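In the two complexes that follow, subunit A is the common piece, with subunit B as its partner first and subunit C second.
Coming up: the complex of A and B.
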């Protein structure tokens, strides 16, 4: 019980929460603005992980410095996919459930192709590298350098995007599109521009998360699926398309994961995590902040 | 000009003639592998060993089939990590592709599924990367398993090793996936029999993302040894977070993970002292084929082989090669030779009783100054077990 009050668990929960929130953020932006269900989201993390790995092992450049380049590349992939696969869907006037169903299938294909292209290009052999792996102590709390970097960069990305969404006209346009596509178009918002920016931002942020993950975990072409599941759990719990709800849910799930395991048993982790997820959906089917946003 | 064309044609004919003869004699050796899907990250270490072996055989003039050398060609299909598909592929390899010999797929479920196909066709196949007591339930005669990583042998061997080094208490954490749980099932009674106290015994799900609470509890338990029945991804998680939390337990055992090259890439000197499952190392001088295999693998692929899967895959090729040299391709003769002979492999001598290798002992490796040393049992050890 004493350990519950320790900073060590708090640090672990914050790192995990920041990562969950960041991973889910990109998925939420893409779903919120376009209603596209990106089942290939975890594969973007994988691409980010490989980008950071090759950046560091081939050139010796810090993976942290390489993150903007990696984000730009995956943003470019997002834009390309938008024009190739989704632009016509979105402008066809199809009902939202059909767009969601079509996007799920299309992204499934993208996921399979991405995984296998990476496997053929780099082999499926797991890769890893050492970076910022020294341990620092603040009081009683031990922190590995790459976990500190993960926390700081996650928070910086989350805060930046919150500020963009709340303080800029463009961010307001994204929020407007998330709330009501037709109304956004009526009030003169350039919907295509917002959609393009959202998919670029969503893909870019996901690859940044992948770069951060790669500093502490092995990477392989098929590492993405658990992250896709985690991000869907987070955004559904937070309220589909609700960026702030997703961030809140990311931290909430991380705190449950760390503290509930500390209170009970690691074996209970999935039961508690998904049990609370289901309970939230029973009590609030629209997610934690879903109703508040809709009203 | 005409003379030059005629010379060119003659040269082309001369070059193509032996190729045509060679192609007629080429033996096809088939297998299925998890090239894509969930298990695909485990497969390259096995495929690399197969490719290296085939390259070496061809470079030496071909596979000796009862005194006559034939070039070999590997024929493989992606089973997409699906054991059912793997069985279908072996059916196709035998019935449609009419392969001359078979190599094994990756993983226990795939082996068990394929066992029925080879049994039905009476087609001998030497297995490799399967590790479960369930292999003993397979009908003997057409499939053999050179592995020594069988849970009912690992548990008692691990308890013996720890007891011999004065360990009085352990903390156990175990992934809930089958291989970890099967090992746990045999480990606990073995520890109890060796009078080793189990201070903590916790299982965790495979998608665990942070072990801080678990390892905090483990640190408080303050046992003499840690036994983490890991799969590769949680072996990485454990090692990074155990370092962060300053877990300095003198003996730390991780089930699967430390034998893959990426583990040492990720942790460098921090990995020193970690003990893991494995019965092969190139450092064992009594196995003269071991170091040349290691060197050839590193030269071809630029990284060390997996001490478990690559070694087992290569061993299975060596056994097949020696059996074919003696028996030829006749299935009955081949079955007879594999079942009764002793084979010289990179892992020393191998002899089967039923489906099981009865010579190679269950053993453990420890990372010492970046090298993998065999530390248990004493009969094949290359170094003493040391505290971290």
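Coming up: the complex of A and C.
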């Protein structure tokens, strides 16, 4: 029982919470503005992980400094996919449920292709590197440098995105599009530009999270899926399209996960994750924290 | 006119299905053990995709968790192997899958659209991890199954299930039941308003679509001679089913057959030499069909027929 109150678990939960919040934020932006369900979201994380890995092992440049380049690459992938797959779907005037269902299938195709292209290029063997793994002690809590960096960077990204959404004209137009698509268009928001930025931002943020994950964990072409599921749990708990609800839910899920695993066993982790997922969908599909207004 | 009246008698369809299945079974056995396995896989995918189509193709509720039925059947057969005879345990596996679907149907089917899709997926994974936990807790992470039936015997049974699944999809499509399910797909609220018993139809189709996959799972676990939870609940199976149904075309009994033939052909060409390339192409085909031919190969064939008929008249 004593260990539950220690700072060690709290720190672990905060690090994981920051990651979950960041990953889910990307998924939420893409869903909120375009109603696209990106089940390839975790694969962007995987791409970010590989980017950081190659950046560090080939050039010796800190993966942290490589993050902006990695984010730019996946943002580019997002923009390319937007034009190749989704632009016509979005402007076709199809009903939203159909766009959602199609996007799920299309992103599934994207996911399969991405995983196997990476496996073909870099083999399916898991890889890892050591970076910032010195242990620091603050009070009783031992933490590695890379986890501290992960927490700080994810918090910095979250705060800057919240500031952009709340304080800039452009951020507010993203929020407007999430809240009401037609009204946003009526008041003169350039919907296409907002959608493009959202997909670029959402994809970029996911790969930043992937770069952070790769500092502490092994990477492999098929590592993305659990992250996809976790981010779906988070955005459904937070209310689909509700950006701030999603951030809170990210930390909530991380705390539940870390403390419940500490109480039971590591084998329970997946049961717990999927159990929460199924329960939330069946009991409160509108989210624990209420729903963003639907258009 | 003659064409239209022909499609209204079911006899040619039944005859074609039976003759096709018998031809493939006997030809593959004649050509040796490699082709027997290929035929077994073909019939397995046809049976699974037809069953999927019975529910998801007709109602438009896309299930990404169909592997759960397959896995439950396999689990029941593997755990009772040498305790209950196979002729009994395999139908019981189908029954268990159907009962499971029936139990979860009411809460799960209240969820609609994309939520339903990801929910079915999550549910299948949840069952997988619960069973995995149970198996490891009892120290049985995998079970060897010695003395399983010969591949030929399994082929007869799986082929029979594929024929039954095909005919069920075919007849349900023509029945009142099928019309009700199609009404759910078109506009569920409207269907309910005009008195279609929406919930009952959905629950029934959902449960029915799990029975044959349960039996197929039981038979296929005999083929692999050992049982591993992660293998029989592999989500790739669900994804493959959906991909085949989309490529072949759902909502028509010929669609899943075309989809299974296509995927197996691609697998034969690439699986042993370049498995990654196989998945890459499969993904690209899925994207292509969703974008350009949402009704699948069967939709393309129908469109071509219609346009050539239009030119002739």
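Operating definition for what follows: the second predicted complex is superposed on the first by the 265 of 295 C-alpha atoms of A that agree within 3 Å, B and C clash if a C-alpha of one lies under 4 Å from a C-alpha of the other, contacts with A are read in each partner's own complex, and residues count from 1 in each chain.
Following the convention adopted for this analysis, contacts are C-beta pairs under 8 Å (C-beta built on N, C-alpha and C of every residue); 3 or more make two chains touch, one makes a residue touch a chain.
Computed from a predicted structure; not experimentally measured.
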First (subunit B), second (subunit C), both or neither touched by A:68: neither
First (subunit B), second (subunit C), both or neither touched by A:76: neither
First, second, both or neither for A:117, with subunit B first and subunit C second: second
First (subunit B), second (subunit C), both or neither touched by A:258: first
Partner chain in contact with A:216 - subunit B first, subunit C second, else both or neither: first
Partner chain(s) touched by A:275 [first = subunit B, second = subunit C, both, neither]: second
First (subunit B), second (subunit C), both or neither touched by A:267: both
Which superposed partner A:126 touches (first subunit B, second subunit C, both, neither): first
Partner chain in contact with A:102 - subunit B first, subunit C second, else both or neither: second
Subunit A positions touched by subunit B in one structure and by subunit C in the second: 115-116, 119, 229, 267, 270
Parts of subunit A lying in touch with subunit C, wherever the complex brings them together: 37, 39, 85, 88-89, 97, 100-102, 104-106, 108-113, 115-117, 119-120, 229, 232, 236, 267-268, 270-271, 274-275, 277-278, 281-282, 285
Contact footprint of subunit B on subunit A as seen in their complex: 3, 6, 8-9, 12, 15-16, 115-116, 119, 123-130, 133, 135, 142-144, 147, 216-218, 220-222, 226, 229-230, 254, 257-259, 261-262, 265-267, 269-270
Touching residues on subunit B, where the partner in the complex is subunit A: 35-38, 40-41, 43-45, 173, 176, 202-205, 207-214, 216-217, 220, 232-233, 236-237, 240, 243-246, 260-263, 265-268, 270, 303
Residue ranges of subunit C in contact with subunit A within the complex: 62, 107-108, 110-115, 117-119, 122-123, 125-126, 129-130, 133, 136, 239, 242, 246, 276-277, 279-280, 282-284, 286-287, 290-291, 294
